[in-house]
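We call the chains A, B and C, going by the order they appear; numbering starts again at 1 in every chain.
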Amino acid sequence: MASEAARAAEAILMVADEPVEPQLLAQLLEISPARVDELCEELAAAYQAEDRGFVLARVAGGWRFRSHPDLAPYVERFVLDGQPSRLSPAALETLAIVAYKQPVSRAQVAVIRGVNADAVVRTLCQRGYVEEVGRDPGPGQAILYGTSRLFLERLGVDSLADLPPLGDFVPGAEVVEALERGLGADDT
Amino acid sequence: GVSYAVQTDVFEGPFDLLLHLILRDEVDLYEISLSRIVDEFLAHLDGVAAALDLELTTEFLVIAATLVDLKARRLLPGPVDVEVDEELALFEQRDLLLARLIEAKTFRDAGNALEHLAQAAGRSWPRTAGLEERFLALAPDLLAGVTPPDVHAAWLRVSAPAPPPPRVALDHVQPVKVTMEEAVQDLVSRLPGAGQLTFRALTEGLSERIEIIVRFLAVLELYKQGLIDIGQAITFGDLEVTWVGEEGSVLAGMDTYDG
Amino acid sequence: MASEAARAAEAILMVADEPVEPQLLAQLLEISPARVDELCEELAAAYQAEDRGFVLARVAGGWRFRSHPDLAPYVERFVLDGQPSRLSPAALETLAIVAYKQPVSRAQVAVIRGVNADAVVRTLCQRGYVEEVGRDPGPGQAILYGTSRLFLERLGVDSLADLPPLGDFVPGAEVVEALERGLGADDT
């Protein structure tokens, strides 16, 4: 029977997007950082013994799950064949909103586009075109996004000022109101 | 009824209010009366009108008018002064309202069930870490071929003002010439011979939604009388209606519906 | 010794950020989709037997690693965004109508609910549970809505067929009779 702490560590590491520091895990699991490292080493050894296709690795920032290096050829195939090779119109629209309205939260993007943008923003972040640039000062402290250096490079421009100007479009009252409130997707 | 008015804003339309008035917990379901429902419904109207939402007010008024008609019909000493056509029309309206309440209640309960599923599923979070850095270099450049004007065009696309929403009219669904009795007669003439028919087959050729609802009510009526069984083999599958009664045993309770 | 295909599936699922369809895994692993499902079911059963803090779940048409529901108290503290806020009763009722009647127009939703549905449908689109799926061929070409893949994911079901049948929610005789009495249909 696995210990509660070990299981909780597995759960947290599974949903983490970045390496998790032992100090943070220690705090969440209410055990010592040294014990966290022990637990994670035991887990890593178990995965190895079971010949799993993933590893639990200690990297610079802490512990993280990753695919087993042996299986890189399959993951490469997944990257090449299983991922979209170009931006969908919907993704391009999301990117355009981030470019022109930055800094902007995902909820604001959703209000402007009228559809949920979480997955697209995640992909754009992962590919490095969009990055976190701050936190909304209001309640909830939503993550604010902006475009990256890479975005400008790939578009072949030096700065945002080189993008075609916004134009004199005036957004609808509803959109303006939602932007002013910061959120507003949840209250109907 | 004054004490109800303060709550009016929590009701999402007339069906919501009616369902609340009829089915609220503190009321014994067997002591419900039309008079009381009408009084309480009207008590809420002030609050609705005060919200200055013309569309919403109209929706409440349409239902209120039906309720008041029904109550007025009850206060008459007998059928002497009543035009038969008017009376039938009134009871058709009542049956339609009943069918719509049943439908609204069905979807409300379905919504609650979806919420329970979501609550349970919400205790588990998905992995979203995505590609490790060493694979990112392999990933195709999603911006290949995308130019600054493309980005600008995409922005213009999303920021263009939306066309005005189409006006939703509820009144066009009202007047359809079909009665519960006709619907029951039709079922009774077809089902015993066929044994089992799908609800789809029983409503074939009916184009108006209300005709289908009345047909559904007729099915419910026969079900209540124990003359048919209703089954559904799979989700979203056809409703199967099976005749289990004897041929002469029909229409015992139909006076419930034709007044 | 675990099979190469099972290990490769684990590796790919570890880097995926949405459910991976068996067809895609089948193509990458050069086995049949049915075999993919078998493999994933075996992996899921193994994690359960080993009492892991994560699960491999079949959701929204594909396979995905998720944290074990038991460990929600720990993961909650770790995840910054938290779970999406709850939907209002009006939004839930509308969501049910779209789920069970799709494809459906806003006007059709309004008829069932007895109240204008535009704002609620807009909210559900922004939340990503509902999306445009087509146009009514009739006059007016009303937009038709259906539920999204995210909807299935949020509910933790694999497909619409896994939702409880609508017939389960048709009110019982007692309620129907109460409604009849409320409308004065009992003793005329």
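Operating definition for what follows: contacts are C-beta pairs under 8 Å (C-beta built on N, C-alpha and C of every residue); 3 or more make two chains touch, one makes a residue touch a chain.
These figures come from a predicted structure and were not determined experimentally.
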| item | value |
| --- | --- |
| Most remote chain, CA-based centroid, reference being subunit B | A |
| Innermost chain, taking as reference the mean of every protein Cα atom displayed | C |
| Where subunit A and subunit C are represented by their mean Cα positions, the distance between them in whole Å | 22 |
| Centroid distance [mean C-alpha coordinates] between subunit B and subunit A, Å | 41 |
| Residues of subunit B whose C-beta touches two or more other chains | 125-132, 135 |
| Overlap residues in subunit A, where contacts from two or more other chains coincide | 14-16, 65-67, 75, 122-123, 126 |
| Interfacial residue positions of subunit B with respect to subunit C in the complex | 12-16, 18, 21-23, 29-30, 32-34, 37, 55-56, 59, 63, 67, 70-71, 73-74, 91, 94-95, 97-98, 100-115, 117-118, 120-132, 135, 165-166, 168, 170, 173, 209, 220, 224, 230, 232, 234-237, 239, 255-257, 259 |
| In the complex, subunit B residues that touch subunit A | 125-132, 134-136, 138-152, 154-162 |
| Touching residues on subunit A, where the partner in the complex is subunit B | 14-18, 64-67, 72, 75-76, 79-80, 83-87, 89, 91-93, 95-97, 99-100, 112-113, 122-123, 126-129, 151, 154-157, 162-164, 166-167, 169, 171-172 |
| Parts of subunit A lying in touch with subunit C, wherever the complex brings them together | 1-2, 6-12, 14-16, 20, 24, 28-29, 46, 50-54, 65-68, 70-71, 74-75, 77-78, 81-82, 110-111, 114-116, 118-119, 122-123, 126, 185-188 |
